[in-house]
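Below is one structure. I have some questions about it.
Chain lettering (A, B, C and D) follows the sequence in which the chains are written, and residue indices restart at 1 in each chain.
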Amino acid sequence: MEHLKLSKDKLGDFVAKLGDKEVLVPQKEGEALKFVPLTGDSVPELDYANTSVPPKNAVFPQTETMLRFEWGKMETTAVTGEAKEKVFFGVRPCDARAKVIVDKLFTWDEKDPYYVEKREKSTVVGLACAEPCSNCFCTSVGGGPASTEGLDVLLTDLGESYLVQPLTDEGQSLCQAASDDLEKAAEGDVQAAEKVHQEAEKKISRQIDTGGIPEGLPGLWENELWEKVSQSCLGCGICTYLCPTCHCFDMQDEVEGFDGRRCRTWDSCMFSEYTMHASGHNPRPTRRERTRNRINHKYSYFVDKFDVIACVGCGRCISLCPVNIDILDILSKVKEAL
Amino acid sequence: MVDLDKLRTVAKETVSRDDVKYLIGWSQGTFGFRVSPHFVKEPEEVDSLTFSPLCCNNLATYLTLTEKNPVPRGEEADTRKVALMVKGCDSRAVVQQLVEHGVGRDQVYIIGCPCEGVVDVKKVEKKFGELLEPVQASWENGKVSFQLPGGQVESLPREEVLAQNCLTCRYPNPVVSDILLWDEVEVKGNDDYEDVKELESKSSQDKWAYWQDKFTSCIRCYSCRNVCPLCYCEDCILDRLNPTWVFRSTNVAENTAFQMARAFHLAGRCIECGECERVCPVDIPLMKINRKLYKEVHEKYEFEPGLDPETKPFQASYRPDDKEDFIL
Amino acid sequence: MSDKFEPNIVAFLCNWCSYAGADLAGTSRIQYPPNLHIVRVMCTGRVNPLFVVNAFQQGADGVLVSGCHPGDCHYMEGNYYARRRFTLIRELLEYVGVDPKRFHMSWVSASEGAKWKDVVEEVVENAKAAGPFDQFRRNKINW
Amino acid sequence: MNNKPKIGVYVCHCGINIAKTVGVDSVTEYAAQLPNVKVARNYSYMCSDPGQLLVKEDIKNEGLNRIVVSACSPRMHEATFRKTLVEAGLNPYYLEMANIREQCSWVHEDENEATEKAKKLVASAVVKARLLEPLEEKEVEVEPATLVIGGGIAGIQAALDIADAGFQVYMVEKTPSVGGTMARLDKTFPTLDCSACILTPKMVDVASHPNIELMTYSQVEEITGYVGNFDVKVRKKARYVDVDKCTGCGICAEECRLKNRVPSEFEEGMGKRSAIYMPFPQAVPAKFTVDPERCIYLTRGKCGESPKCVDACPSQAVDFEQEDEFVDVRVGAVIVATGFDVFDASRKPEYGYQDYDNVLTALEMERLVSASGPTGGKIVLGEGDDAYTPKEIAFIKCVGSRDESVGNEYCSRVCCMYTAKLAHLVHEKIPDANVRIYYMDVRAFGKGFEEFYDRVRREGIRYIRGNPSEIFKRGDKLVIKAEDTLKAMPLEDEVDMVVLAVGLEPRRDSREIIDLLRLSQSGDRFYMEAHPKLAPVDTATDGVYLAGCAQGPKDIPDTVAQAKGAASSALILLSSGRVKVQAQVSVVNEETCRGCTYCVEICPYGAIEMVEVNQMGHQVSVARVNEVLCKGCGACVAGCFSGSIQQKSFKDGQILPQLAVLGVM
């Protein structure tokens, strides 16, 4: 598909042309940046490193009603078919890759109707990273500041205009709908975008060579590095709730008077209740086991199942951890111990 | 004045004592302005210990956070002391834990570090951006100076960089300690609860509008609860399902109930270390809630928690002449 | 009159004083508005202030906690603890933006049937003035 | 039998008390479709035998394991229905009552409002019933002894009954002698038998009864423990006289430097006594006591060369080294018979009691007419040679009773009859005296009262219906301004002497006993009985009973009857030797308890202590409840942040669902 160009001042009309779809853009709520529906005709500003709350919330909501029931009636009413068309505008390539990784799980042996329905109804318009954050390490885990995996359209900031690369026929139809704002990109624009991508890649200074980690990790089960790295962990949910590839959930029946609902809510393997058995026994009693499990799941178990590391190197868990537990520091200790 | 050599020598002596299990202090973080809690077991590891305006963690939380692994058959539980480095506010947290028997006085060896206020990382990262190479910082007569990557030194006035509750801090010197590393600092702060009064004066609708917006963004990651040195229930009632006080789903109703329960359980206990607000990933002004109750308890009952280990806990005592201004 | 908002009020009454006072209002056939529903506890000291938050969540428009006058508590100190706890939760509720007219506490002894009527009327009146509570009510809409 | 809840809901009509405003049928229909409800019925009188039979049949035939009775207040019939469950073989704590009478049908006239509210209350009860757990009422030993506080006729009667039944009694009397106010009366209505003659034998019995340990001039310092096991600390105040040596001869009083110069409380201040005194001749024990506030030696440290009483006493009984003594006793029951105070007439200044000497209170009049009184029974006014016998005498009734302005709205029940008696005695002692009684009403309700009242009127004592407004002096006469409401005629009545029929008030120091025993006060500030009609001698605290005027004004026959009632209640405990203890106590989940000791600090009864427990190899200190000491108030539960301590039948898990139901419907 050939490249197009969108000048920045036309951004507002381009977005308006996305039709009746709900457009989600990164916006500040308090200090935190997250994807929220665009309201009115305001123009999304796109000069940000990355949102603290990943876009996964729209396709895998933190709280989602699965079915409703009433006292006395034996049947339940499933809550599906309510998903709306959504356009994610300004998604970073790592978050887009994360969706592809999470797709693998939710469409694995059993298609998850709630997730799949929302995924099919969403189109993702990415924005290539020009200024990666200090903790980004997407290049070490198979991603990149301009990777196109999971994206329908990729924008690259060229100064006063964006290079628009439709990648899928979804993206293509999107660009057709807004064709009068777009013009054919010149060869020079494509090279300029290429240069932006290479520079961005060079700016990523945090690296880790993941070679040997997926196979070696299970062998380090009783290694004392887990004790050392997890000692200061608080057991909170930040590194899992804000990780774009984390997908664990808990199901709860919530009753209100005489009717109720079964809903799915996020859960975190770092919480002790996550593995608390009804008997009170907990196979992962302390944070050492839980940290070990979190790393093993992302860098070993997921790789066995879907041969891709369930981490896109977005760096959120590093910058948001209250006690500065750094996944790259853990992985480097793992590498030493291999 | 901060004396790092003394800090390290004292740490070395402490760790090599046979009645001390390990020492908890701060060490340089893995990037930018970060500092991470550091558990020192062997004397050689003391060299990475430090004390600087970046040491914002309240380490007292680890006294009660360590989960107790089942003791293997035939072995004895390790009841040696835990050595802890504490700033002024951290020591008040330890005092409150002593009042509530969360930890025994004989189970903790307290190393006091008088503190001139710690940096609010968000303020500083707004100024210098999120840097990668670790940054050194230190207090320089009333200012905070940063050794930025590339050798450049930048020193800024306290008001611009320190955390809000450090600017109004009235207890910079440790309230309890086994050893004081350097001489006490002068108390600069004074607290007239400006932020609380300003919100109190608003109408109910405005107040609710303010909190509704904040509580809607809460993702219930529980970092505010887990970082708090005084939230150390084995099985928090807000996690429990039988009975269910608060549903797991995140909406304004459950989040408000969660935040109010957390705030109420800290009434007359919170010592204003500011950690909950620091760690909140979605920036809810949690100190603004805690300080409201702190002000009520201070003004209505002339009580400040975490100062005297002998007092009875505030919520487990009463005076027959307590104020009652709203009772029919 | 019919569309006038009728508040739904949950009241926690201590068995020895206020519950007996409410019974006395009954035996003396003193009439008062029906909006208030009583949950009996043995002492106001038993009422966990988070019940108040939970009651609002589950649909109450007003909450009342009523017990023995200070000094009269059948268990000596229960109402003293309650007084301190509910002073704090009331401040917190007001600070979060809940209309103070929605939460009341009262001392009604076993012989104050008439006072019980006045308390109920005042609580209902205030709740009516405050209107339906929906700030952090668990509503089924967002299910 | 699996424990899946099968609930039976029973809606009571209570005749028309409920059915008049609450649609019992629609409530029953509504209840039938509530969660886990298997049976829903309504019946006219659930508390009647057929009503209870309904419940028992359903439990047997339908296999019900939870019962909801929506009827009157649980304070009324919870015990009744618990017995029904026990008779049907079901744990009594599987019962939940919905109060749809006192708190619904009687207070809301509008039918559909009352019915809707009843439905919600029933739903709330059903939701809680589903989550009730069976409880066992623990049994404890009962100490076969009783403490009687107060040595008046009420205390004496109760003590004698219990002692005669063969149980140990400890009587504690604050003044130096038993007898109380009755000992100060002359004659008693309506039979006019002499008060001392009928009381003194009982006083002597109390002193000599093998099972009664009498501690006079003592007071109760502290009572801890619970029904069946009260630990009492008694302070025996120092008499400064060795009771074993003292023979009661009275020489010390004769020799005392303050001989007959101290106003005698027994004589209402009209008679005098020495600093070392015996309250009245028939005092029991007949021992002397030194008045610490008046004795020169005790107040100034020196009494001449040496105290005259010490030198004079033939048996060297006076001993100024004596100190307060503390005695600890353990008893199974406590009877409060602390009596009453007489209304202080100066609080009605318009009657001039505090200004004029010949305005007396009825109790002062009793001492005047009493043969053992200061004037040997002669009614004289004035001192020495200008003493004279009054001719014109007026009584004024309801002074300090039935009077909101002094806070005593109640009727003191005894003044009508003792006024008639005093009037009769005056007439008998001064045949030509003109006696009139100003009254609002005459309440001669008891046995022989009306006959006595007729007899007194026939003796020429005039009853003038009208409450005097004021008394003032004119010359050496007193003028009563009043109005004869029957003749609608204002009048000014010149009299020599006025007797005020003062009412009865709660003891000024009643607060002490309240704090000791957690009693509560009823509207008239006397001690409150558990139930005015069904439990007049019991109190809210198990094992503590009331007798006499401590519970409210009453005459001697009622006092004695109530004292015998209190004694029999106490004897139920003592004779059975075992008593069931509160079952709705707190219990600690030792796994989630974090040992913060909040509950230990909060518990008013010291029923919770910290214990060392081994949890997976770690020594951990957790809280543990002593189920016998716990009174089931629940203050610890609301103080526990981790919800580890819960009160049975009032667990968080049982109350929260109630809020859900009351909120959402």
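Rule of thumb we're sticking to: a contact is a pair of C-beta atoms (placed from the backbone, for glycine too) under 8 Å apart; a residue touches a chain by one contact, two chains touch by 3 or more.
Bear in mind that the values here come from a model prediction, so they are computed numbers and not experimental data.
Put simply, the chain farthest from chain C by mean CA position is A. When the C-beta contacts at A-D and at B-C are tallied, the pair with the greater total is B-C. Once CA atoms are averaged chain by chain and compared with the all-protein CA average, the nearest chain turns out to be C. Mean C-alpha position of chain A lies 74 Å from that of chain D.
Work out the mean CA point of chain B and of chain C, and you get 36 Å between them.
Note: centroid distance chain B to chain D, computed from Cα atoms, is 55 Å. Centroids of chain A and chain B (each the mean of its C-alpha atoms) stand 31 Å apart. Along chain B, residues 70, 245, 247, 251, 315 each make contact with two or more other chains.
Residue positions of chain A with contacts to 2 or more other chains are 256-257, 263.
In chain C, the residues touching two or more other chains are 49, 54, 57-59, 77, 81, 85, 138. On the chain A side of its complex with chain D, the touching residues are 71-72, 255-258, 280.
On the chain A side of its complex with chain B, the touching residues are 29-32, 34, 49, 52-53, 62-63, 133-135, 205-206, 228, 231-232, 234-238, 241-242, 250, 252, 254, 263, 265-266, 268, 271-273, 285-287, 318-320, 322-326, 328-329.
Those residues of chain D whose C-beta lies close enough to touch chain B in the complex are 591-599, 601-602, 615-619, 621, 639, 641-643, 651-653, 656. Listing the residues of chain B that touch chain A in their complex gives 29-32, 34-39, 57, 61-62, 65, 67, 69-70, 122, 130-132, 213-214, 217, 219-223, 225-227, 239, 241, 247-251, 275, 278-279, 281-284. Remark: chain C residues 49-50, 53-54, 57, 70-71, 77, 80-81, 83-85, 87-100, 104-107, 118-119, 122, 135-139, 142 touch chain B in the complex.
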